[in-house]
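Next come two complexes built around chain A: one with chain B, the other with chain C.
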Partner chain A sequence: MAKIPKASELPLGHSIPQTPWMETPVEFRPGTWCYGGKPKNLEVVGLPNPREWSPTDEDWKLPDNWKEIVMDGLRERLERFRTLKVFMDICVRCGACADKCHFYIGSGDPKNMPVLRAELLRSVYRKDFTTAGRIFGKIAGGREMTLQVLKEWWYYFFQCTECRRCSVFCPYGIDTAEITIIGRELLNLLGLNIDWIAGPVANCYQTGNHLGIQPHAYKDMIEFFVDEIEAVNGVRVEPTFNRKGAEVLFITPSGDVFADPGTYTLMGYLMLFHEIGLDYTWSTYASEGGNFGFFTSHEMMKRLNAKMYAEAKRLGVKWILGGECGHMWRVINQYMDTMNGPADFLEVPKSPFTGTVFENARSTKMVHITEFTADLIRNGKLKLDPSRNDHHRVTFHDSCNPARGMGLLEEPRYIIKNVCNNFFEMPPNTIREQTFCCGGGAGLNTDEYMEMRMRGGLPRANAVKYVHEKHGVNMLACICAIDRAVLPPLMNYWVPGVNVTGVHELVANALIMEGETERTTDLRGEPLLGFEETEDGDDEDI
Partner chain B sequence: MGIQFSLMAVVALVLVAFLGVQVAGLNYVFGVIVPYIAIFTFIAGFIYRVIGWARSPVPFRIPTTAGQQHSLPWIKPNKFDNPSTKWGVFVRMALEILVFRSLFRNTKMELHEGPKITYHWEKWLWLAALVFHWSFLVILVRHLRFFTEPVPGLVHTTERVDAFLQLGLPGLYLTDLLFLAAVTYLFIRRVIIPQLRYISLPADYFPLFLFLAIGITGVLMRYFTKVDLLKIKELAIGLVTFHPTAPDGIGVLFYLHLFLVSTLLFYFPFSKLMHLGGVFLSPTRNLPNDSRMVRHVNPWNYPVKTHTYEEYEDHFREKMIEAGLPVEKE
Partner chain C sequence: MTMDLKERMLKSKGVILRSWYEHLLSTYPPETARFMKREPNQFANPVGHTIRRGMEAVLEGFLQGSGEDSISAPLDSIIRIRAVQSFTPSQAIAFVLHLKWILRDSLREDIMENRVSTAELETWDSRVDRIALLAFDIYMKCRETIYENRVNEVKNQSFRLLKRANLVVELPDTKIDPDPGNT
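Presenting the complex of A and B:
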C-alpha cells in the first residue's frame, strides 16, 4: 500500500498541464489505481481473458484482436443504449460539470472533469462512428484507439464512482455514470477489471455474498449479534434463516454482517424487527444486497441480482424489504424489475403494523427500510427515547445512489429527527441531490487506492468539518454499507473526532423494547449521557 | 490551435463568398444553389440524426433524480425535479428546454488553504446561454418577414417589442445587441478559464466564430451599409416558393451573411449543435422516476446464466444441515 502524505501536506490544486490532454499520457502513480482482477475470480463467472496482470505492466496480455473487440463492443452498445448514443453526440463542453466532480476537486487532474472523462471515450467514438470524425480526424476531435488510450480508459473509468453529481448540473442530463458503466463494460471484454470488484462478484455469484461468507458462517455471525444485543439490553431476538412462508424476505449488504460500524446497523435491524414482531426471514442464498456486477457490466448486474426474486419466489414470501445500501438501491429502483421481473408471484407490499400500502413499490414489491421505519414512526408504532442518542451530535450524508437514482431524501431525515435530539444539516451544496460521494463508491473502496479515496472524499469531509466546527457534530449518519466502510478512514484523515453510523443503529439506540433492562450504553458499548464512568470520582462535576 | 483554426475557417468562408460574388459573379450559386443545399442538408441531416438516436432503445429507466421521490403520502415529493408522472416529466422538460433548469444550479468551487472548499454563486453561464438562445429565436422569428407575404402579425409584434428602445433609425433591435454580447461572453469565457480552454475543441470555437460573423454581417447590413431589402425579399420569397431568382444589385454583404448562414445550416447536423434535438431525447431527464411502480420493459433483455439455489444447496448442503438451516433435499 502506498504511503499517503498527512492531511495537511497533501498537495492540492487545479493547475492545467502544459501538454494538450490527448498528448498527456496516463501515469500510474501508487495510491491512485486498484489492483487488476485475479484470473480465478474472472473464471468463476466466465469473464473473458483471465490472467495474472498488473496495470503497471507494459504488456497487459490482451488478445491480438483487442481493438476489434472494443470497437465491436462499442458499436453494439451504441445500438443498445440511447443514453450512450445521445451522450456521445450532444455535449457542448460548456464546463458546468467540471468542478462538480469530487475526484476533480480532490485530485486536480483535468481528466477527472466529467467532460474530459467522457471525451476519453467520445474522441474514439468520433474518429470511427461520425462523419465529421472520419473525414477530419483530429480537427473534429477524433483520435485513434491505441493501447495508450485503452490504459487511459482503465485508469479514469476506475477513477469515477458513478455518483451522478455531474449529471444533476448538466444542461442535457449527460450522465457520466452511464459512460463509466459502459466504459467499464468495454474494458471487461478484454479482462480489464479491478480485483476489488472481480473478487466480490465471484464470491457473490458462488457463495451468495461479496465476502464469501458460507451459509453456516452467515448464520453464526448473525447469531453472534443476537448475543451482543442481549448484552446491551437483555432482550434475546430470534432471527430465522431461509424460512419458507415468512411474510417478508429481508436483504441487506453483507458488509454489515462483517465489519464495524455496519454491524451495529445490522443489530439495529434485528432489534427493530423483533420489537414490532415482523414475520421475516434472512436468506443465506440471497445474502447480499449490494451488487458489484453493476460495476462490471449490465449483464453481470442482472446475473447477481437475479437471486433476490428467485429466493423470494422459492421461500414464498409476500414482499421484500431491503436494508441500508447505496448502489443496491439504484439497482432495485432503476433496474431490477426491468431485468429480472415481473415479480408477479409477490404481493404489493403492505406494512402489517400500520396497514400502509407501499404504492410506490407496487411493481418491484421491494421496500426500502427507511420507508418502512418512517411509516412505523409516523403511525406511532415505535416507543422511542431519543435522549439515548444525546451523546451524538448527528449530521446526515446522503448516499449518491439513493439521492440521485431514487430521491430518498426525507425518509432517513424523518427517522433521524425522531430518534436524535441533535441533528444538523451540512451546507446545501453538499447534501440531497447535490451530495458528495464518500470517495470509494462503485467498487473503489480498496486500501491500495487510499490516496484517491482521501482526495475524492475531500469535498464530503470538508462539509462534515464545517458542521463539526460549527455545531460540534461528532456522528456522521448514512444509509449505505460502502459509506460505512469508506467514511471512517476518511473522517480520521480529514476530520478526526467524527464517527460513522447507519440510521438504524440510531433507531435501535432510541428504541424502547419490551422487557429490556435499563440501558447504560449504546450498541457500541459506549456510555450514554449520564452514565459515563469516570476514572476519578472527583471528575464527575466537570 | 483550435482557436486559430476555427477563426481562419470562418475568414476563409467570408473570402469564398466575397470572391465568389464580387469577383466571379456567382450570385445564383451563392444566392440559390448553396442555400438550397444547406437547407436540404439541415433538414435531412437533422431528421437522420434524431432517427438515429431514436432507433437505439432505452433499456432502463434511469432518470437523474434531483429532489424528493414520491413515496409515503405524507412526504411531499418534488414533482418536477423528481417526477413520478408524465405531467411532471413534461414540466421538467419544459423547464430544461425553456429556462435551462439544470444549468441554473451551477455554482463555482473554490479551494482555499486549510484545505477549505467553498461554493459560490455562478449564474453567468446560465444567463449568457439563456440570452443567446432566446435572442437567436427572436432574430429567427424577425427574419420571417423576408420569407412571408403578407407578413404574419406575430412577426410584426416581435419586431415592435424587440425595438422598444426606439433608438436610432432604423430602430435598434435589443436582441441584436444581446446576441452579439452573449456570443462574445461565451467566447471569452472559453478562452480565459484555463480548464475550459483545455477541454475546448475546434468544434467549440468554430460555431462561436460563425455566430459572431453572422451577427456582425447582419448588423452591418441593418445599421451601417445599406442593402436593397426589396430585392432580398424577392430572393427569399423565391427560395421558399421554389421559384428562385438572384436579383442583381443586392450588395455583397448580403451574400456573405447568407453564405455564413448556409454554412451554419449545413454544418449543424454534423456538430454538437445537435443538442437542440438531443436535449429532448436525454433519458436522464425525459422519464418519470416510477420504475418501482410500473415495470419498464427492456426490448433486448436476454436470459443470463445465474447460480441457482439448487446449485448453491448442492454445494453447501452438508454444512447447511449441520448448522440447522432448512434444505430442499435432505
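Presenting the complex of A and C:
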C-alpha cells in the first residue's frame, strides 16, 4: 500500500507571512478600507493636497517633500503634546492591551493589536527622535519612514475606532486612541483622509451637518416627525427653530434626523420636551452634534465645535442640552471648554422642572439628555407606563465615548429600568468601562467598510448573542447615533432577531402624554402586547 | 461504516478534535493562534471559543452520523467568522476537507493493517465532502448578507432623506380591484 501522507504533511493552501512585521507590506483587501477623501471636501476647509486618489493606486499623488512634511509634523506634535512624547517612550510592550482590541479579536491580524498599531508610529519615532534609534536603527526598534510605512499607517490608523478599550488595561495608561488621533493628523497633512470623514467635515462646516441638509429641509424633516407622532397618539407637538430667547438650545446628531432607527429616538425627544413643556429651540445651523473634525485634526475639531457656542450666543439661550451621541460627548467633555470656552455668556445648567443644578456641566454648560431625563424620573416628573415596552426584552450597549470618555454609566440604565420591565445586562467584561465598540466609530461607519465592521463588531455581537439566547433579548439599546447606524447591520449578520433603539425611543413609548389617544402601537407602528390582533383584524376573513 | 469503527472513532474524538482545531489555528498568525488557544473567557476570546465549540459539535454530529440539520448551526458559527476574515473563499472552508486526513491519521494503524476497507474510507470521505459543500453554501450566504447590509444601508440613508425632505413622492399603495368592470 502506498504511503499515506500525514495530515501535517499536506500543503495547507494558505500562507501566513513569513517576513517580520516591519517588512510585511499592507494588502488592501476590499471591505477593509474606506474610499479616499474627495478633493472638493478637502478644498472647502483648506486641507492640503486635494486631488482625486484611491488607496489602491500605486501612486498616491503626494507632494515631493511628503516625508519632510510628516517628520516636521511629528516633531511639532511631540513638542506640543506631552502625552504623545510620553506614550512614545514609556511602552514596555507588556502586551496587556494586545488582545483587548475588538479589531484584533475579530480579525486576528496582529497589526490590529494596539501595541503594534502604536508601534507603526513609534518605530519611526525611534529611528529619528531617539539616540539609540539613530545609532542602532532596526536593532533598537527603529525604522525608516517610507512609502510602504505611510500606506501601512493609513490602513491601520483607519482600522482603529479610537474607542480606548485598550487604554483601560494599559498599566501605564497609554491611550492608543490619542496615538491614532496623531497618526490621522499626520496623514491629513498629506491629504490622506477618508471620504466618509472628509465629506461630513466639509458639509458640517459649509451647511451645518454631516449630510449637508439645508435649513428648510431640516425643518421639513422634523415636521414630518410631528405628523408621525400625531398618527401614533394624537398629540401634536410644536417644535420651534432658531428661536431667540429660548431657555435651552437642543443639539443632537443629524443621523437621528434622516436614518432609522435614530428617527424614533428623535421623535422621543420631541415628545418628552412637549410633555414637560421645555422652553427650547432647535437650530438649523448648529444642526449637528457629531464632530468628524475630531477624526481629522485638533484644529478641525475646534472649528466645527465652535458653532455650538456661537449659536447659543446668537440665540441668547441659557444653556445647551445635547442628544444621544457618542463622540460628540467626548469632544464636549474633554475638549470643548478649553478649546472654545469658557462660555461665560451661558448659565450653569439648571433643570427648570426639578431645580437640579448640573454641577458636572458647570464649565461646559452642556447637559447630556440622559442626565436630564434621569433627573426628571428621579423627581417624579414623568408619568410612565413601562408595560408599553413589554414587547421588548432589552439590553444596553455602553457607547464607548460616553462610557469611557465621560463615565456616563448609570443614567441610561436608570432610565431604561424605569421605562422597561425586561432589562438584561450583557456579561461584565463587555459593558461599562470594558464595553466593546460597535466596530464603526471614529468615522468608519461607511458601507464600503462592511467586512471590517463585521470583524470589529464581533465581540459586541457575541455578547448580545449570549443574552439573546439566554434571556430572549430582542432589543439593543444605545445612546449614540453611530451605534444606531452601525449596530443594525451588525445584528443582521451576527444575531438576527435583535433590533436597535435609542434610549429616548423607549422613554417615548412609555411616556403617558396629556391628551393622548389610546396607544396600541409603539413609535414604529408595531403593536403593543395585547394589541397584536387589532392590526390585522380587518384581514381575518381573508 | 461498521459499528466497531464508529465506536473507535468516537473514543478518539478528543484527539481528533484537538488535531482538527490545531490545524485550524495554524491558518492564523502564531500570536493570534496562541491567544485563541490560551484565553478561556468566551467574551474575551469569542473567535477561539466559538470556533472550538462549533468544531466539537460538528465533529460529534459527523461521528454520530447525524443529519445536516444538526451540523449546519455549529458549522455556521465557524464559517460566519471566517467569511469576514482575511481568507479567500477556499481558505475559509478548507479546514473542513482537512478532516479527512485527520481521520486517516487516527486510523493509520488500522489502514496499514487492512482493518479498514477502502469502501469504508470512501464513505467517510464522501460525508466530509457533504460538510464541505454545506460550508460553501453557508459561506455564500454570509457574503450575501454583507452585500445586502451595504445595499440596505445606502437605501436607508439616501431614500428616506429624499422622501422626508419632500423631494420625492411615492405613489400611494392602492388595492387592485378584482372586478374593474364595476366602476
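By our rule, the second predicted complex is superposed on the first by the 516 of 542 C-alpha atoms of A that agree within 3 Å, B and C clash if a C-alpha of one lies under 4 Å from a C-alpha of the other, contacts with A are read in each partner's own complex, and residues count from 1 in each chain.
In this section, a contact is a pair of C-beta atoms (placed from the backbone, for glycine too) under 8 Å apart; a residue touches a chain by one contact, two chains touch by 3 or more.
Since this is a predicted model, take the numbers as computed values, not measurements.
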Which of chain B and chain C A:Ile4 touches, first, second, both or neither: second
Which of chain B and chain C A:Ala259 touches, first, second, both or neither: second
First (chain B), second (chain C), both or neither touched by A:Glu178: first
Partner chain in contact with A:Val168 - chain B first, chain C second, else both or neither: first
Which superposed partner A:Asp99 touches (first chain B, second chain C, both, neither): both
First (chain B), second (chain C), both or neither touched by A:Leu458: both
Touched partner set for A:Pro110, first chain B, second chain C, both or neither: both
More chain A residues in contact - chain B or chain C: B
Touched partner set for A:Arg29, first chain B, second chain C, both or neither: second
Doubly contacted residues of chain A, that is, touched by chain B and again by chain C: 10, 12-14, 16-17, 98-99, 105, 110, 113, 220, 427, 429-430, 458-459, 462
Contact footprint of chain C on chain A as seen in their complex: 1, 4-7, 10, 12-14, 16-17, 27, 29, 31-32, 98-99, 104-110, 113, 211, 213, 217, 220-221, 224, 258-260, 263, 427, 429-430, 447-448, 450-451, 454-455, 458-459, 462-463, 466, 485, 489, 492-494
Of all residues in chain B, those that touch chain A in their complex: 1, 5, 49, 52-62, 64-72, 74-78, 81-82, 84, 96, 100, 102-103, 105-109, 111, 115-117, 119, 125, 129, 193-204, 270-272, 274-275, 278-279, 281-285, 289, 291-298, 300-301, 304-309, 312-313, 315-316, 319-320, 322-326
Residue ranges of chain A touching chain B (in the complex, touch as defined): 10, 12-17, 20-21, 46, 78-87, 89-96, 98-100, 105, 110, 113, 115-116, 119, 130-132, 139-141, 164, 167-175, 178, 205-206, 208, 214-216, 219-220, 241-244, 284-285, 298-299, 302-303, 306-307, 310-311, 314, 332-335, 337-339, 341-342, 356, 358-364, 366, 371, 374-375, 378, 403-411, 414, 427, 429-430, 432-434, 458-459, 462
List of chain C residues in touch with chain A within their complex: 19, 23, 26-32, 35-36, 39, 41-47, 50, 80-81, 84-87, 90-91, 94, 98, 101-102, 104-105, 108, 111-112, 114, 142, 145-150, 152-154, 156-157, 160-161, 164-166
